[in-house]
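Note that the chains take the letters A, B, C and D in the order they are written out, and that residue 1 is the start of every chain.
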Amino acid sequence: MTTEELKQVMTDLLPSSTFDETGEFLNVIIPSEELLPVMKTLRNREDLFFDYLFCLTCVDWKDHLMMVYFLNSRTHNHTIVIKAKITDTINPQIESLFSIWPTAELNEDEVFDLFGVKFLNHPNLRRLFLEEDWVGYPLRKNYEDEHMIEL
Amino acid sequence: MLFEPDHYNEEGEFVVNMGPQHPSTHGVLRLKVWLDGETIKKVEPHLGYIHRSIEKMTESLSYRQFIYVTSRMDYLSAHINNQVCALVVEKALQVEVPARAQAIRVILAELTRISSHLLWFASIGLDLGGVTPFFYAFREREAINSLMDENCGARLTQNFMVPGGIMKDVLPNFQQRVKEVLKQFKDNYHEYDEILTGNVIFQNRLKGVGILTKEDAIAFGCTGPTARASGLNCDIRKLYPYDGYEKLQFDEITSTGGDCWARYEVRMAEMKQSVKIIEQLIDNIPEGEIVGNTKKVIKLPKGEFYQRVETARGELGVYIVSDGGTTPYRCKYRSPNFANLSAIPHIARGHKIGDLISIMATIDLIIPDIDR
Amino acid sequence: MDVKDKMEFPGQVHETPDGGFILSKLDDIINWARSNSLWPLAFGTSCCAIEMMQTVNAKYDWSRFGFEVMRATPRQADLIIVSGTITMKMAPVLKRLYDQMPDPKYVIAMGACTISGGPFFYNTYSVVKGIDHIIPVDVFIPGCPPRPEALLHSMITLQEKIKHETYFKKETK
Amino acid sequence: MHTWLKNAIPNATGLLITEMVITGVILLVFLILLAFFLGYMERKVAAFMEIRLGPNRVGPKGTLQIVADTLKLLFKEGFTPDAADKFLFNLAPGIIITTALLAIAPVAFARDFQIWDINIGVLYISSVSSMAVIGILMAGWSSSNKYSLIGAMRSGAQIVSYELSIGLSLISIVILSGSLSLNDIVESQANGWWILKGHIPVVIAFVIFIIASTAEINRAPFDLVEADQELTGGFNTEYAGMKFAMFLMAEYINLFVVSAVAATIFLGGWMPFHLGNLTGFNHIMDFIPSSIWFFGKTFFIIFIIMQFRWTFPRLRIDQLLNLEWKYLLPISMVNVLLATLMAIMGWHF
């Protein structure tokens, strides 16, 4: 599918989604509550069939957190970027995608570790890289650490 | 058993920690393994023993500097790691890379791929208990490293890329040296087959072990030789060509077995394809500039950029969010090993301890690339 | 502290500068054995480990000096070559490995990361800035990563250091 | 020497004890030197296989390398983990090295040069050598380490299974030569070694014996008990210093013992190379001392077993047991039947 068709599909699917086409791929920004049903449709519908989640990360925009999901379809070979906006930065929460793509498990652990986003219905949410008793989430912009020597 | 010696748990399972210091984990991966006798019931990876906060560092490095930190991520594909960073900056700035720089980049990248696969060959022998292949493979690796040393100034972490091209021109005898290295590799290739491929014990250790189906490979996001051994066409050099790969003739090696043996065969055949690529280029390196038109201080336009390359282990992506400044606002590396690792707990279940070693050896993990 | 002042030795004691002829010869033999049989622990965290493996290979071949036997278990190792970055999470493991080794034990810090954190000195939250914060180091090798020749040189330097150790000799004050 | 001692010490018991002590000391010194030599040989064979030089700095051509290693291990901290069962932990290396030493008693090193001429030598060797598993189990269990425990359990399964094949392959020669005494077996090869006589059961038995004895002494490709890459050292993970050196020494002595037994039973031991009734040729061969024949054959087999180690990858535990129970054991049983048939019909010579 071309970018235009994907845009049409996404508008039909979720009228509240907004688009951003500055980058290489089509970026779709959706509210975080709608994530799971949208993703399920994207994964399971025959003409979309996004079976390959190749990058999952988060960006801290100071006033909100943005989950970024890069989806690709191995059969149709089209790519889409889904962004879910989490406005609550104190106690961010979002649905886990483990049930759709198993690769999300470790990726979500990583995001939880470095950004503090809690994933609901995640099978084994833990700090992946840092010790369990680590204070703070290092990739947040407001992270402070007295041991960190800044250039 | 170096960590958390919790004995039999409530269900009567025997829990063994492999790692962080364990000879077969190729670094500091820690796998918590639940055993029933010799049979594996569950595997849980514990990471972070070499988490060096590269992504946080990158946020304070300029676009010229951040390339070189990535050499330390997947140090066996150091050159290809640098390439992806250079490519993403070029893509954002829309800089044209001179043809000469592209050709040299590709030659060095393929040499890196060969040397990386050679190290994998060495370590698979070592992991399965045969020490001798290690020395055979390192003989050729040493030749490639010396070549890198002469031209780039470093043996392992070459740091030869700049945004827009390469840092220096290669030496005048570069072509001749590359041909020597390739000749040595091709002359000795049959020895690898003789010592490992034809060995019955070795085949029995790998055949039918750790089967990863095509569907699982997609679902776990596996890429590189690991996924291609399951029949998935995922070579970025073919799907999304960069640096002139579209002009080159080479085959994407796939296999349908999905087991350790298929992964072994795919990697062995890939080395030959890399030789083929280099042979096409080595006599036709164009003359001309080596660096495109870039400014001293690079500022990326506001926006988000994603670029992927095929390293020796799979698809490496870099995702850069720029706010228009001289440093990235956020940088994320989509590491091939991280995704490949997530498949291990799934495919190791029900196998023996010895099979876990085979699986880890054929998936070929580089831990600093997982942890970053 | 000084036992000799309180206890009288029955008989005559002839003071010699380094503990007498036999003991110093025995010392030399022990030091010779120790310095020529350094068994490293198979321990590598990152890039430097690859250069360590290159040192094993046929071109550099550290087995010539008797470093051949790489032991996987710290109990049987004499030497730990810390090859690669040590992170905050790895630091307790490294300390534990060091503690598990029986005496005498030696440490080589290989590469810039182990000396000071190297390329990961600034703006990182998880890297130990030099392993001498955790365990005592005998020989440092700079480089990122150091060449195999540098590793061989460091091991020969360590051999020389061991040859001046004392097992029986009195400490000279 | 016996008569000289008899004159010096009239008391029979005293004589016996003195002789035993002298033999023991000579044997121990000999075996320690042997273990040194085998260690050096192993490294040089490894270097030869791996296109490198091997030890060459310590002493002339690196010959003192193993001496340095042993001295170092001797002066290293002797270490017993807190959680270990201290009595068993310290006893295990002793047991392993004792069984290794015991098995050497009936082997004839040269013509009429034997420590103990026992008339059931074959039985004695196979029974004593299988006792090593007790030491390994003890070491693995008492270390209170999970890797050690897995290694010890593996060794239990492995050694007990392969003991069967060793026994059966030895029995086929016993049937053909008609004696359990090692001396008689050597004598029966006066007109040609068993392996060269062209009997099919003997060739099969020889191959099985080499495979099974490699497994019995836990050498690669059957070194699952130690399996560095899987178990970081297996049963000896927690051992340090001299106790570990005893394991190493026991490994080399075991290697020597099985090679010596194979040389004695299949290659004629100290018996020179004889060809049927060619008296002239046989006389020339007799001029070469019998000890050279014995050690030549033994080291030939040691070299073969060392080459295994540096060539083959390791087997998996289930493959290891399959190999024994599904292939080696049935083949050796059929082989024994075949040998019996040959002996009854008188087809052999």
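Just so we're on the same page, contacts are C-beta pairs under 8 Å (C-beta built on N, C-alpha and C of every residue); 3 or more make two chains touch, one makes a residue touch a chain.
Keep in mind it's a predicted model, so treat the numbers as computed, not measured.
Asker: Could you name all chains that are in contact with chain C and with chain D at the same time?
Answerer: B
Asker: Any chance you could check whether A-C or B-C wins on number of contacting C-beta pairs?
Answerer: Ranking A-C and B-C by C-beta contacts puts B-C first.
Asker: Indicate the whole-number Å distance between the mean C-alpha point of chain A and the mean C-alpha point of chain C.
Answerer: Distance between chain centres, rounded to whole Å: 47 Å.
Asker: Could you work out how far the Cα centre of chain A sits from that of chain D, in whole Å?
Answerer: Centre separation, chain A to chain D: 63 Å.
Asker: What's the distance between the Cα centroids of chain B and chain C, rounded to whole Å?
Answerer: Each chain reduced to its C-alpha mean, chain B and chain C end up 32 Å apart.
Asker: Between chain B and chain D, tell me the centre distance in angstrom, where each centre is the average of that chain's C-alpha atoms.
Answerer: Here chain B and chain D have centroids separated by 45 Å.
Asker: Send over the residues of chain B in touch with two or more other chains.
Answerer: 22-23, 48, 51, 53, 56, 60, 134-135, 139
Asker: Mind pulling the chain D residues that touch 2 or more other chains?
Answerer: Each of 50-52, 228-229, 232 in chain D touches at least two other chains.
Asker: Please set out, as single numbers or ranges, the residues of chain C touching at least two other chains.
Answerer: In chain C, residues 42, 57-58, 72, 89, 122-126 touch at least two other chains, as defined above.
Asker: Which category does the touching pattern between chains fall into here: line, ring, star, complete, or other?
Answerer: Shape of the chain contacts: other, as it matches none of the listed patterns.
Asker: Any two chains that touch count here, so list every such pair.
Answerer: The set of touching chain pairs is A-B, A-C, B-C, B-D, C-D.
Asker: Give every residue of chain B touching chain A within the complex, in rising order.
Answerer: For this pair, the touching residues of chain B are 44-45, 47-48, 51, 53, 55-56, 60, 91, 218-221, 223, 232, 234, 239, 303-306, 315, 317, 319, 321, 329-330, 332, 334, 338-339, 341-342, 346, 371.
Asker: For the complex, give me every residue of chain B touching chain C.
Answerer: 2-3, 20-23, 27-28, 48-54, 56-57, 59-61, 68-69, 71-72, 75-76, 119, 122, 134-135, 138-139, 141-142, 145, 155-157, 367-368
Asker: Can you list the residues on chain C that touch chain B in the complex?
Answerer: Interface residues on chain C, with respect to chain B: 41-47, 49-51, 53-54, 56-59, 72, 74, 84-85, 87, 89-90, 93, 96-97, 100, 119-120, 122-127, 144-145, 147.
Asker: Show me the residue ranges of chain A that touch chain C in the complex, using the header's touch definition.
Answerer: Residues in contact with chain C: 129-131, 138, 143, 145, 147-151.
Asker: In the complex formed with chain D, which residues of chain C make contact?
Answerer: 29-30, 32-34, 36-37, 42, 57-58, 61, 63-66, 68-69, 71-73, 75-76, 78, 102-104, 167
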